[in-house]
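Note that the chains are named A, B and C in the order they appear, and that numbering of residues resets to 1 at the start of each chain.
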Amino acid sequence: MMRSGAQALFIAEETNLSTSRFIRNCWYVVAWEHEIAADALFSRTVIGEPLLLFRTSDGAVAALEDRCCHRLAPLSKGRKEGDCVRCGYHGLKFDAGGQCVEVPGLDSVPPKARVRSYPVARRKGWVFVWMGDTGLANEALLPDNFSCDHPDWRNIPGYMHYDTPYLLIADNLLDFSHLSYVHEKTLGGSPEIARAKPEIEAVPRGIRVTRRVPDVPAPPFHLRMRPELAGTRLDRWFIYDFLLPGTLLMHSGGKPTGAAPDDLSQAITLHSCQTLTPETENTTHYFFQQSHPAAMGDAALTQTLFDSLIGAFNEDRDMISAQAAMVARSPGSTMLPLAMDAALMRFRRLVDEALAAEIAAG
Amino acid sequence: MMRSGAQALFIAEETNLSTSRFIRNCWYVVAWEHEIAADALFSRTVIGEPLLLFRTSDGAVAALEDRCCHRLAPLSKGRKEGDCVRCGYHGLKFDAGGQCVEVPGLDSVPPKARVRSYPVARRKGWVFVWMGDTGLANEALLPDNFSCDHPDWRNIPGYMHYDTPYLLIADNLLDFSHLSYVHEKTLGGSPEIARAKPEIEAVPRGIRVTRRVPDVPAPPFHLRMRPELAGTRLDRWFIYDFLLPGTLLMHSGGKPTGAAPDDLSQAITLHSCQTLTPETENTTHYFFQQSHPAAMGDAALTQTLFDSLIGAFNEDRDMISAQAAMVARSPGSTMLPLAMDAALMRFRRLVDEALAAEIAAG
Amino acid sequence: MMRSGAQALFIAEETNLSTSRFIRNCWYVVAWEHEIAADALFSRTVIGEPLLLFRTSDGAVAALEDRCCHRLAPLSKGRKEGDCVRCGYHGLKFDAGGQCVEVPGLDSVPPKARVRSYPVARRKGWVFVWMGDTGLANEALLPDNFSCDHPDWRNIPGYMHYDTPYLLIADNLLDFSHLSYVHEKTLGGSPEIARAKPEIEAVPRGIRVTRRVPDVPAPPFHLRMRPELAGTRLDRWFIYDFLLPGTLLMHSGGKPTGAAPDDLSQAITLHSCQTLTPETENTTHYFFQQSHPAAMGDAALTQTLFDSLIGAFNEDRDMISAQAAMVARSPGSTMLPLAMDAALMRFRRLVDEALAAEIAAG
């Protein structure tokens, strides 16, 4: 039933793995707020397009094409002048909307002298850009990344760069069975995670994955928060939405097996926001944070959890990079869909549908 | 006669220099025995295919495709469990024959869940894989690399990696005229080597090259074995079979000019086994050893000869790498066949015939 | 008028930016004289062709294809023997005209055994090669690089390697408006340079650009020669010929504003020779010197000016490399022609005309 149809689709999707097409009409995280200083030019590439970001005097963020219309020099090698940027090669000056306002040696500026500007949105520490049709930019589509900046939660903002296509990382985040193997000694701690069957539901622009793992040892990650749980068996949960274009919003935790359903007195509770932004076909920006309740510990705990998370994310990157290299050198190979791939297959279908809708809309 | 026809063929062969096709129905050396530990996973690529090698509890060597059938992760990033290997990404477990025997979370394993396995043969320290039709694997085709492991001979096993196509290295081994120039100060020592005309004969799956060089100074290489020969002139010989896919088996040596034909009392005698295994179109594994008679010296001599050989093989690699880089940037250039190329031309023809036969056989 | 027509042409030219075709019938600087030692082999690639250069016993320079006709090994890995070069692989020996004169093991040399030789010219420290039709090589076409070696002038010969197409560097040299921005703190010192309008005239095989910049502060570069000018305003000038294939010959300087036209008593006067030689489509050799009058200072001043020039040329290379990387990743992007591009557009048209003439001539 679902399996055989899904399998055919899945193989078709694999064929498109290295497609150069990305969804355009969506918000991509381009930076953490703290990455864009008040006085500096910041550059980052999103879905293959070079972007220049800088703050205007009111603290807002401008996003322009990082490529001068004159001789294609990167504007980010120039300098900020007030709310404008001046190209460092021949001195053309552009305002925050991308219009050229000065050409040295010319009395008037040709109207064609402009660079593309991109809608920007900011929410709870994440700075987003809209790469598609400007008229469709809609802040209602921003994800609810509340724990990134919330008085009840503590975290350290994280960033990693991947030399792999973003979909391979999305695959990883959509199938937590890998926790048992990739993260056996960090986030995992038990083969039971892989054995648990997640529920998958549709949510707007994404899916919700719920995985409950009863009666397992507390993983090393949890013991950093509650050392007193050593030796205790826990019921663990991972409940997350995974939303287009590639954002994970997750409640996770664990509490002693046998505790009453509403007794969280000895529980670990966490909230995580993570998002993937394709840099190019084969490279990806990964922004993430894992929050613990503010009441649960101080900055030392926050740092400990962050260090632990980085360790685990390096395990992921190591494996995904090896996988990506193997995929790249295996043009004729297909992947064998298994039950554990249900969520990633559904998400890839959402990506394909969104791409098809953009093509259909012209 | 032979020259003009050969020339036409030769140029046609050059056109195929960077072909991606390799002979498949043959034994390729994949490793020295000592490279494959009892408890570890070992990976190496042969003719473009990633291989995983590991030992089963009986000491035998299993060779599997190093690419999980599920999501294409390299199995070599997983771990050995008894006589099986478990993928480090999502935990699929494969037996030594490549069949998946466990999928975490599934009660039964889909029959399609398997990876390719390759016939393995082992002989005198060399571990071979058969990359073609399994039904054709035939140990009678293994080369006679006796001196690799023989009580009468001593050597140190060697390995080098080349960033060049294997045929350029085969060319080098098939024309020892280069000893006079590339190895002037190491293995060569005289322009007479280049002037000597080798005899070339057919042998099964290869050719035999016999080059005798009378009345030349002892080369530095020989003097390391017999310093007393300094100042003595020698009659030298190199007699080797060069066999498909790329194995050299050679008797070589020298004795004082004028000594009776059967008087080896002051002779240098050596036996060498060398083999080329294409890693990819443009990279090559090179396994080799140069043996001296055990009676001739102890481990110190063995080490001295090995160091000397490595020095000379670095001279080769330096030249062949420069040649390969020049070939790669010279798409329109052809090589000019000369008399000294007779052996390499015959061997390239054998390669072409073997490839053609495999194509014809489907 | 000129603008609209020029714009169409310009965009067409941009399309050819990464063309692999180069003008062949011209002199390219391949080396400074001092780079080619009496006893060594010297190799450098020009318009994609590997060249071997060496001196014969009379001090002349021979230029051969750096690729043995036998097996394509670089001859530069061999050795000089008298006025010949011997290949380091199989020992073929070639004379200074490229004819093979010895093949080890052969009694006679096949007539086809030769490598291409190139006409060489030498003038004032620059060694030139003619890459096109030998019969057209004409020393009357050499540029007048007099200050490279002249008793009235002092300089240090310079060389830089660029990982960019040569035309992007020519663009830079043809539009000094960049001095105001790229070299604001070194050669520039004022936005007035960008505002000044240069005159452009035709000269044989090139254009003459005259830019006069009245009443500006002395730039840091000038103050190194005449510290007493600090605080003084100068009238500056840059008068240069830019000649095919890519040579700049420039008089430049400055004198106190208000000084009589012929009063150079407090002037800075400089002469510079610079030339671009494409190495490959995407890499370039840059030979240059900036001379000051010998009477104006000693070796310490020469060194100071050279160091200052290198600093400024690194600023150029940094910007042009960033531009080239952006051009390479922006296949669909076009440049917007502005008034400041008049000289570079005219020069690119000369390049196109020369290429078209070579095609028409067969």
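We adopt the following convention: contacts are C-beta pairs under 8 Å (C-beta built on N, C-alpha and C of every residue); 3 or more make two chains touch, one makes a residue touch a chain.
In this text, all values refer to a predicted model and were calculated from it rather than measured experimentally.
Asks: Just knock out subunit A conceptually, keep positions unchanged, and give the connected chain sets.
Replies: No subunit A: one piece.
Asks: To test your reading of the model: what rotation angle superimposes subunit A on subunit C by C-alpha positions, in degrees to the nearest 5?
Replies: 120
Asks: For subunit A versus subunit B, what separation do you get between their C-alpha means, in angstrom?
Replies: Their C-alpha centroids are separated by 47 Å.
Asks: Would you give the residues of subunit B that are in contact with at least 2 other chains, written as numbers and ranges?
Replies: As it turns out, subunit B has no residue touching two or more other chains.
Asks: Mind pulling up the subunit A residues that touch subunit B in the complex?
Replies: Residue list for subunit A touching subunit B: 171, 175, 177-178, 180-182, 191, 194-197, 318-319, 322-323, 326-327, 329-330, 333, 335-336, 338-340.
Asks: State the interface residues of subunit C toward subunit B in the complex, per the touch definition above.
Replies: Checking each residue of subunit C against subunit B gives 48, 50, 67, 69-74, 77-78, 86-91, 103-106, 110, 112-113.
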